[in-house]
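Naming follows writing order (A, B, C and D), and every chain is counted from residue 1.
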Amino acid sequence: MTRDQGARVPLDVDISDAELERQLKETWSSKPGLWGAISTVDHKVVAGRYIATAFVFLILGGLLAMAMRLQLSQPEARFINPDRYNQIFTMHGSTMMFLFAVPVMEAMAAYLVPLMVGTRNIAFPRLNAFSYWIFLFGGILLWVAFALDTAPDVGWFAYVPLAGPQYAPGKRADLWAQMITFTEVAALAVAVEIAVTVFKQRAPGMSLDRIPVLVWAMLVMSFLVIMAMPAIMFSSTTLILDRLVGTHFYNPAEGGDALLWQHLFWFFGHPEVYIIFLPAVGMVSTILPAFVGRPLFGYMLLVMALITTGVLSFGLWVHHMFTVGLPRVGESFFTASSMSIAVPAGIQIFCWLATLWAGKPVYKTPLLFILGFIVTFVMGGMTGVMVASVPFDTQVHDTYFVVAHFHYVLIGGAVFPLIAAVYYWFPKMTGRMMSERLGRWSFWLIFCGFHLTFFPMHILGLWGMPRRIYTYQPELPWTSLNLFVSLSALVLAGGFLVFFVNAIRSRRNGLPAGSNPWGAATLEWATSSPPPPYNFRRIPVVSSLDPLTPGENELPVVAGLRTDRRELLVTSVVEALPQARESSTTDSVWPFWAAVATSVMLVWSIFTPWAVVWGSIPVAITLIGWFWPKGSPEDES
Amino acid sequence: MRVQSAGAMGNKMSARIWFGGAAAGLAALAAVVGWMREPRQYRASPPLTAALDQLRLMPNAISGTPPEVYFALGKPYETTAFDLSQGKRLYSWFGCSACHGEGTGGKGPSFIDGWWLYGPSMVSIVASIRDGRPHGMPAFRNRMTTDEIWQLAGYIKSLGAYTASVTATARNDEKTGRPAENRAPAALLFNQGPEPLHPDQGPTP
Amino acid sequence: MFSASLLVFLTGCSGNQSALNTHGHSADALRDLIILITVVCTVVWLMVVGFLLWALARRREVPRRDSDTERKMALSIRLAIAATILTVAGLTIASFYTTRDLNSSNGASLTVRVKAQQWWWQFAYQASDQEPPFLTANELHIPVNKDVRLELEALDVIHSLWIPSLAGKLDMIPGRKNIITIRATRPGIYRGQCAEFCGLQHSHMAFVVVVEEGAAYQRWVAAQAAPAVEPAMAEASAGKAVFMSKPCAACHTIRGTSATGTSGPDLTHVASRRTIGAGLLETTRGSLAAWIADPQTLKPGNNMPLVPLTSDELRQISAYMEELK
Amino acid sequence: MKDRIVLDASALPMHGMGAASPTWWATCAFMLIEGSGFALALAVYLYLMSLAPSWPMEAPPPDLWAGTWLTLMLIASVVPNVLVSRWAHRRDLRKVQVGLVVMTMLGIIPLVLRAFEFTKLHIRWDDNAYGSIVWMLLGLHTTHILTDVVDTVVLACLMFSRHADNTRRYGDVQDNCMYWNFVVVAWLPLYGCIYGLARL
């Protein structure tokens, strides 16, 4: 490291592109080997791991679903005992919500947002690496507990008193609550990074009205995380305190209240649905234009709808509690507010339909999944309107009708777009195309399998089948439909299998993609596939909503950044005018150690409260190690 | 070119290290899983019950060796929160509190003062419940199954613990008249008690 | 229309625990609302999908992005949004009116306290002019066409009372008391089930509601309020002795005997009930014996401990139970 | 794709202060997160209070002196805190060093007072729900004081090291000052709840 700052610093002007790329590569690449892999802070590497890990959890959660379908395929079946079944459905819900859906959406954000706003790394890359490790350790914690037969068995919602100290002996519920803490920390960290990246690291000229819809969606999602996750953090902490040190937050015998838990949980839990769904809205809005050959219709309308949905989502939590016996006035208010969210959702659908109507669709796999999404999600929305009505809900609440409803919304509304997004951005992430033939197979298998599996559940619910039962009796009229559902689930699983086979095969053997295989207009397609460690040779300058115009092979860029340190551009919040040449941190193993220390503290604290005291010392040491400047050019200014 | 190949080598190496690490991690995990599994049983199998019934008591019916199968199982009735909680429920269902209160004693002796008439070993407690003791403790041999007796014994032992344990039974929501089970009540309420007949049976906090 | 006829079909084969096959004042109103909203939503969904198919099937050479198209689309979207708002408002009003309708009760003639616990139901009938109070388990009898007020309490964790054919569900929350009024419009036997996850045996926490004409109901009340019959057969008498000497009596009450335990169901007239184990098995001597012999295999994790009995004792106890009509 | 250079950034500063710095925004985001946490804890306090037949439950209201002294200390600490922030803005290293040492002291004293405060609540966390939420509120806020004190100590050490004289460090000092202001402001409604509402 040269200390003579006054001497000539290498800038990215007046050198050839090849030489510039070489210098940037030297500055931005991670070291090879295990330590290099652990210490890397490249948002693409970290987010790639995040996505892969989340999909592993999807597979695990899916296997649990298959196990449940096996048990329910016939009445009074004895494949799985009730204790294991309760663990399985709790694990399925917790894994899908906390270890798959939220992380995968945040990881997509961590991968795509920096590329789409034209910057070189996410804001706070070390926090990003830390977030991944925490997420990974939290997921391992939960699954090791499952292997040990101490997995939580109180449902992913962990209602007290069932999850409280008296009725949930052992460490099962504590493990659930602590797993929540892990995923919370991870999610909050990414949310902060995304928000700051969007606010401060957009390419010059990318004013608020030129931000891609996906980035808007991720920004709103980040705010939902920031505002909603403290609620679950508070509730999981107080639950552990109730169980471990004898507080009485949820103990009605000592002035606590069982419903308090439900209020806190759903104050988080409802925005949670939109934390998962809004990124999907962004994905659809970004992918659709590439396959209909025209820009999205109603950009402003969509952005307003996104923000409205985000705001409204905080006013709906009580619709998960319509049957607890609340005052009628409150119920009517929440009926109205729950119904009203159909309006922004409708606006989104209308904008997409209009875009499709005016465009000329090219039926590639991503578009198929988006069409499947529209058909499925609108149905989920319709059943959403149904359960938003208090009287209607008193009949279907906690039945298979609701199971059907939220799988329509979550799989139809978020997983379909996510798979479309994987097909769409796979070439960018790996440099190779996914197979179109297998893509069509996977679409039709997933689409048909999904509807055959979940549509009958509506009927089962109306026929009186409650949720979360490990078996039912032969005299009830549910047997044949359940068997049908279980068989259809095999088709659905087959579809996912084809998808994963396709992804794994195409990673090595797919056709080379080139930098912009779809002819898309957003910035991530301006760089090579996969993008180099520094993302862009020079940071692009944006002058419209669609920075890449077809046929144009020149990109307006900004020059004058140093190449000997990781430097990127900080711009103003509204107009995105350049403000400073900020450095981006170097690789570091400290985030890994900090995550290890934090994990030790959190796991230890399941067993004794003193862990918080003693365990926080290594956490503090690793954090100091993380932040203490090492004298690299990135640490100075 | 050379830089690249070194990088590729490094990648290969790191892949190998990753793979090795992952395999070692999985193996360690499997070992832990085998060792620490905490299954719940609602009804012990008959051979197991029969084996658990084979107590080897000292001639004076105080203390002794638990059957080998108990160790082979990993002492579940003392280390599994679920069994302890079952014991707690059995405690109330079988009316133990009529004589022993909330463990605080009454007509029968207290369990939480650190004093054990027949010593604090599991075998003694099991024998007391199963076969009864002089001066009013009835035999529960014909009212409870063997595994229920062990569960109950485990709970009673935890009531009189000197050291707080990570594995504790479920806490009551209602207030109780004694310290919670996971707080080492015997250490908190240690009572010297009468001079012991056999000093080795007495409490040693 | 299609969805309406489908609903009729669905109603037909849905059994006695169904929100579509209803014979209660509330459930009827709810079924009408369910049909209304489902029809409206189906129409909306068909319109969206129809439009989607039209948009896809339209022949066109190039994507349109001229200002005329954009203006037309903006106008249609405005119309669509307005239609959405109107629909949503209409459905909100419809559900508001249904709620109001549900609350119109003209004074309950009968109050029953329902206590839910892991994993069975206790129904406590209050004393009337003629009869003393009595308890029953997992079987609720009510007179037809009378408002019945159910006071809901949970003794351990949260449960939810749900008799789909008669009314929507209402949770039972420890530390709180909820009240629901039901009115059955046709005699019959309806099944209800716990609808809030309450632990291991949530699946086996059912009960039946027997709706009877006034006279039949009164006869039932009189029979239930009477103390238990003395066993007639010698085997049953022996069973009674076993019952009293074993821990059974510590948890169960049989009125008129020395058994006064309260943690298990009242067994005074156990044989008169249609099921045992909260809807688990039909009440027969065989099922009673099987249940007593090994409750933890039939309903793993339930709160009835296994009591060691010889085969003679088991026979005697089940004979006794069978006589407790 | 070829690059067409349209902007030159070489004249821009190498670190932005205040709202031009990503760290400032991240600090704001974390304050939003923790602010939501405090708001929720207060909401829970009010919720439990609304359910309780009498408040505080089975206990006299907490004694005023420790909490009030602590509140006064915290409010007083805002003055030097703002000064430190200003000195950091002017890049006055000597004054910033002194200021950080003072702020460390002003962080430790409230911690000592807080220890007394816990003993003057007249209730334990495991007595009833009132005890639980009061301990929760105080505990939550204590963690914030504690973490900020640790942060201040580390920064103070840093400002005495060779890395000190650097815009980035001054920015960190400013963000730390902003965070301390947040810790103080967040305390005021908590104080009002714990001491005021318990006396109504």
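Simple rule for what comes next: a residue touches a chain if its C-beta (ideal position, glycine included) is under 8 Å from a C-beta of that chain, and two chains touch if they have at least 3 such contacts.
Not measured: the values here are computed from a predicted model.
Participant: Central chain, going by Cα centroids?
Facilitator: Smallest centre-to-centre distance to the global C-alpha mean: chain A.
Participant: If I rank A-B and A-D by number of C-beta contact pairs, which comes first?
Facilitator: A-D
Participant: For chain D, which other chain has the most distant CA centre?
Facilitator: Relative to chain D, the chain whose C-alpha centre sits farthest away is C.
Participant: Averaging only over C-alpha atoms, locate the centres of chain B and chain D and give their separation in whole Å.
Facilitator: 45
Participant: Measuring from the mean C-alpha position of chain C to the mean C-alpha position of chain D, what distance in angstrom results?
Facilitator: For chain C versus chain D, the centre distance works out to 52 Å.
Participant: Centre to centre, by mean C-alpha position, how many angstrom separate chain A and chain D?
Facilitator: Inter-chain centre distance comes to 30 Å.
Participant: Would you mind listing the residues of chain D that make contact with two or more other chains?
Facilitator: Residues of chain D never touch two or more of the other chains.
Participant: Going by the contact rule already set, what residues in chain C reach two or more other chains?
Facilitator: Within chain C, the residues that touch at least two other chains are 300-301.
Participant: Show the residues in chain B shared as contacts by 2 or more other chains, in ascending order.
Facilitator: Correct list: 40.
Participant: What chain pairs are in touch here?
Facilitator: Pairs of chains that touch one another: A-B, A-C, A-D, B-C.
Participant: Inside the complex, what are the residues of chain C that reach chain A?
Facilitator: So the residues of chain C in touch with chain A come to 10, 13-15, 17-20, 27, 29-30, 33-34, 37-38, 41-42, 44-45, 48-49, 51-52, 54-56, 58, 60-65, 69-70, 73-74, 76-77, 80-81, 84-85, 88-89, 91-92, 94-96, 98-99, 102-103, 118, 156-158, 160, 162, 164, 167-171, 173-176, 178, 191, 193-204, 206, 279-280, 300-301.
Participant: Which of the residues in chain A end up touching chain C in this complex?
Facilitator: Those residues of chain A that touch chain C are 81-83, 86, 155, 159, 161-162, 166-167, 252-253, 257-259, 292-295, 297-298, 301, 323-325, 328, 331-332, 335-336, 339-340, 342-343, 346-347, 349-351, 353-354, 356-361, 371, 374-375, 378-379, 382-383, 385-386, 389-399, 459, 462-464, 466-473, 476-477.
Participant: So in the complex, the part of chain B that touches chain C is made up of which residues?
Facilitator: Checking each residue of chain B against chain C gives 40, 42-43, 89-90, 92-95, 142-145, 148.
Participant: Which residues of chain C touch chain B in their complex?
Facilitator: 246-247, 250-251, 263, 294, 296-297, 300-301, 303, 305-308
Participant: Name, in rising order, each residue of chain B that touches chain A in their complex.
Facilitator: My answer: residues 6-7, 9-11, 13-14, 17-18, 21, 29, 32-33, 36-40, 80-82, 84-85, 166-167, 169-175, 180.
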